[in-house]
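Labels run A, B, C and D following the written order; every chain starts at residue 1.
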Amino acid sequence: MGGMTSAAPDALDAAAVAGWLRGASAAIAEQRDYLTQLDAAIGDADHGSNMTRGFAAVEVKLDELDGGTPPGKVLIAAGQTLVSTVGGASGPLWGTALRRAGRALGDAEWVEPAQLIAALEAAVAGVVELGAAQPGDKTMVDALQPAVDALRAAVESGSPVGEAAAAAREAAEEGMRATVPMLARKGRASYLGERSIGHQDPGATSAALIMAALERAVSPGR
Amino acid sequence: MGGMTSAAPDALDAAAVAGWLRGASAAIAEQRDYLTQLDAAIGDADHGSNMTRGFAAVEVKLDELDGGTPPGKVLIAAGQTLVSTVGGASGPLWGTALRRAGRALGDAEWVEPAQLIAALEAAVAGVVELGAAQPGDKTMVDALQPAVDALRAAVESGSPVGEAAAAAREAAEEGMRATVPMLARKGRASYLGERSIGHQDPGATSAALIMAALERAVSPGR
Amino acid sequence: MSVVAQVVKKFINDPDNVVPEALAGVAAAHPGLVRVDLENQLVLRADAPVQGKVGLVSGGGSGHEPLHGGFVGTGMLDAACAGAVFTSPVPDQMGAATRAVDGGAGVLHLVKNYTGDVLNFRMAAELAEDEGIEVQSVVLDDDVAVQDSLYTAGRRGVGATVLAEKIAGARAESGGSLAQVADAARKVNDRAGSFGVALTSCATPASGSPIFDLGPDEIEVGVGIHGEPGRRREKHASAHDITEMMLDPILEDLKPASGSSVLAFVNGLGGTPLIELYLLFNEVNRQLGDRGISIGRSLVGNYITSLEMAGASITLLVLDDELTALWDAPVKTAALRWGA
Amino acid sequence: MSVVAQVVKKFINDPDNVVPEALAGVAAAHPGLVRVDLENQLVLRADAPVQGKVGLVSGGGSGHEPLHGGFVGTGMLDAACAGAVFTSPVPDQMGAATRAVDGGAGVLHLVKNYTGDVLNFRMAAELAEDEGIEVQSVVLDDDVAVQDSLYTAGRRGVGATVLAEKIAGARAESGGSLAQVADAARKVNDRAGSFGVALTSCATPASGSPIFDLGPDEIEVGVGIHGEPGRRREKHASAHDITEMMLDPILEDLKPASGSSVLAFVNGLGGTPLIELYLLFNEVNRQLGDRGISIGRSLVGNYITSLEMAGASITLLVLDDELTALWDAPVKTAALRWGA
């Protein structure tokens, strides 16, 4: 992973972005049964297999990509792969998220912190546009939105990208835990009404795993 | 029950025959679950409800019969009722048994021991004719045939009818227990092949209950 | 084979009323197709008796739905007699059915080979003949899991029953004589073989708990349709291996010539999802292909069931032109319908 | 709602291969009726695309069989896209289906209202329109157990899907324009309501154990078709009371005028024997009669299922002459067939 080997010390290259996605894939595969169990309680018991199937396909796609593919195009390819392989709610949502993030990066070879923030904000905006979930609806948005907010705040207050990503991961995990007492208003969990209360949202959980993978990707030394 | 109140001390009247059938009905109803459980192991778990349904209908039929109906006609009516209400294998078999027994008695008002033997022999012959079971095939015949044989032997050796009926009941119970190690060749249990070994035949069990009711009916004093 | 205390929940009001209430539902659901005689527990073709046509009567214990009531209608059965769950109906019912469908050309009784069914139908046939109705009976015994023998109850009647009802029904509809209709049914029985496997037991409404219990990795091999245990218990295996387990004894029994065309019938026993039945059908198709046998006609679904038992049976019928044409003939019943 | 360790045995080879193997079985079982695109997991009408006819595409997660693949054929769907078990298919599949059935008159997407299905179909529709194919979508959301709201995912699409596929299919077959076919589907959705009750859970092939566990005297009330728990848990009750529990909210939602005629659809969720479904239909018939509503058309059976879940749903569709005629029009599919 070459995230910290660039001239611009806080910028990520395509390899770092690919490393993030591979790290996310590994974490999701490892937590597959747990994610499915969370989905069994308030959904249809497939979130673990959905995300694992999709990210495994992303890894195959990454192997096929040209060495010179810029970070933005890596994310677009990954998003397209998720759309084409996941299905369910998480496929279009995560696919859109990564594609929007990729588009925000354009053809740049390096992702500076400001661009990372812009990309992730575009990702969240894409999810909200497509899925219409508000914060508090008990979805992945409840992990993603605070994570991106924390990233921006940390970077703006001058933290190095590694620390900012750690803050984002912490915010995502906090947001994930905050879904437990929420009443679901989106996705399958909404069908349960009051019975959705007391369960952690599977999509917020996988979102936290993906933010944790970002932290590891930008701070390979940790 | 008027079995022992006649001038001919060992003869049964219609009331005694009806008493036998009612006693059989009570015993079967009491053992309903046990019979069904035996049938669950090597059949289709309905022998208890089949026999209970049929004998309950017989009791209704007995209530409807004319006071002056002779014993033979009582048995024919009971047999017809079993045919019309039981279904399964045991309906035609027990129905035929009682009808044949009744026909053997003709219009006689009293059933002397010799006639009782003839009637029960006709009953067993009817079962064998219809169902083609041989002794040892693991069916009701394995309880009925030894019971009738024992009845004849006891009467011929001069025993009073009460003692002869006790011997018949004992033989029926022994025959019933003897079905345990048998390999079924008739009825549903035959589908199990070797797996039928080690289970007591439900039909032999209800047959033993019916013979025990006969003993009680002819010996009300016991 | 102990009786487990597990409870199987059901949509019922009173265990003793399941059959009549379900029959009332059949009457309400299919008014133009059938009429129901609730007293005798009969499902009758709406226009029975059809004058000049051989009448087809079948029946048996309930719990095998859609068999037999779902197969009453044009081109199939004229009447179905419903017994208590898993218990043969009584001769009175069969007699009433026989009278109700007698159109003057005789009545065929299609009887699954179980002692109860055979004896009750035999008594009914004797009574009907006493009343001057010509009756013939064909006993179906296609289950190759059970060894046939003169000295035993013989093989069970299972999946071929559906095929015989369809094919004999078509022969009757096309104006066949009683002998010809009976011949068509016998031909199906002679050329068909079946084998069943259960993944779970089932519970009658009266008992409410499963007839036998199976471990999480056990299956019952060679089962019939009454929730009974099978010939033997085996370790659960792949769909491929289970299909082989079922096809081998059927093919050994039927010995179809290489190049034969068969009707392949993959039947669900009640609690197995359709997606698994199609998966099994794929196995059947591949394995028959490997042995040089082609599938000329097919049937996949829950047609002869054992309440909610999870499991499946395979029936193969070796086709010829006559059987194929009779199978293809129009049929209009609640459960099988085409060309009408 | 803990995940129990119980094992649900299945006829499968490899959990990851269940859908393609079952689709291969569908292809082998219904050669004249459909063809299967295994790469895209599509069941296509054998003669698709039908020139000049509006193409009907539906689809969704697998495990609901016969929905949707069993409804492909003349007078109903042109294509069904199969996702993984309980997981919406992806836009690529829907796009391939749309292209395969486009006969120049436009394509209608019939979408059950689940976030995954809606989003994937939306993406597919956008791509297809980019390719110059006119696409309209109708989202079905007939499950009255779920409260509708602008701020939630809304109601689920359940039983009315079957009715909409049949009725819109008939409208397309009779030469209706894309707008007319879409109107027919919307009309069904507007006039239909459904409610489901589960007696057991079910297990996906991937997990192998039940999604939730229920006590021996508990039922889940207000379930959908994905093995999910329902709106609430209740004590098990008589068929009469459960029917009332289901009919009340449907009638409250539909508010049919007294004297209305409805299509009453009693649907099995997979593991409930047909005899119980007819018993429930009898309850529906009696209870509707008591409220002055008559049953004009009926459907009883397993048509939109949740794997082997024991349970049932009731769907009522308030009929008018147009809907009745479209329902009665000929249909020739693996699972629904009449007049052809």
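Assume a residue touches a chain if its C-beta (ideal position, glycine included) is under 8 Å from a C-beta of that chain, and two chains touch if they have at least 3 such contacts.
Because the structure is predicted, anything quoted here is derived from the model rather than measured.
Listed by label, the chains touching chain A and chain B alike form an empty list.
Distance between Cα centroids is largest for the pairing of chain A with B. Centre-to-centre, using mean CA coordinates, chain A is 33 Å away from chain D. Centre to centre, using the average C-alpha position, chain B and chain D are separated by 55 Å.
Here the spacing of chain C and chain D, counted between their Cα centres, is 28 Å. Annotation for chain C: residues touching 2 or more other chains are 85. If you sketch which chains touch which, the chains link end to end in a single open path, with no loop closing it. Two chains count as a pair here when they touch; such pairs are A-D, B-C, C-D. Put simply, chain D touches chain A in their complex at residues 1, 3, 61, 83-92, 114-116, 119-120, 122-123, 145-147, 149, 151-153, 156, 204, 206-207, 211-212, 224, 226-229, 231-232. Across the complex, chain D meets chain C through its residues 6-7, 9-13, 18-19, 21-26, 28-30, 62-63, 65-66, 70, 85, 199-200, 216-217, 219, 236, 238-240, 242, 270-283, 285, 295, 298, 300, 302, 305, 307-308, 310, 312, 332, 334, 337-340. Residues 36-37, 40-46, 49-50, 53, 83-93, 130-131, 134, 185-188, 190-193, 195, 199 of chain A are the ones touching chain D in the complex.
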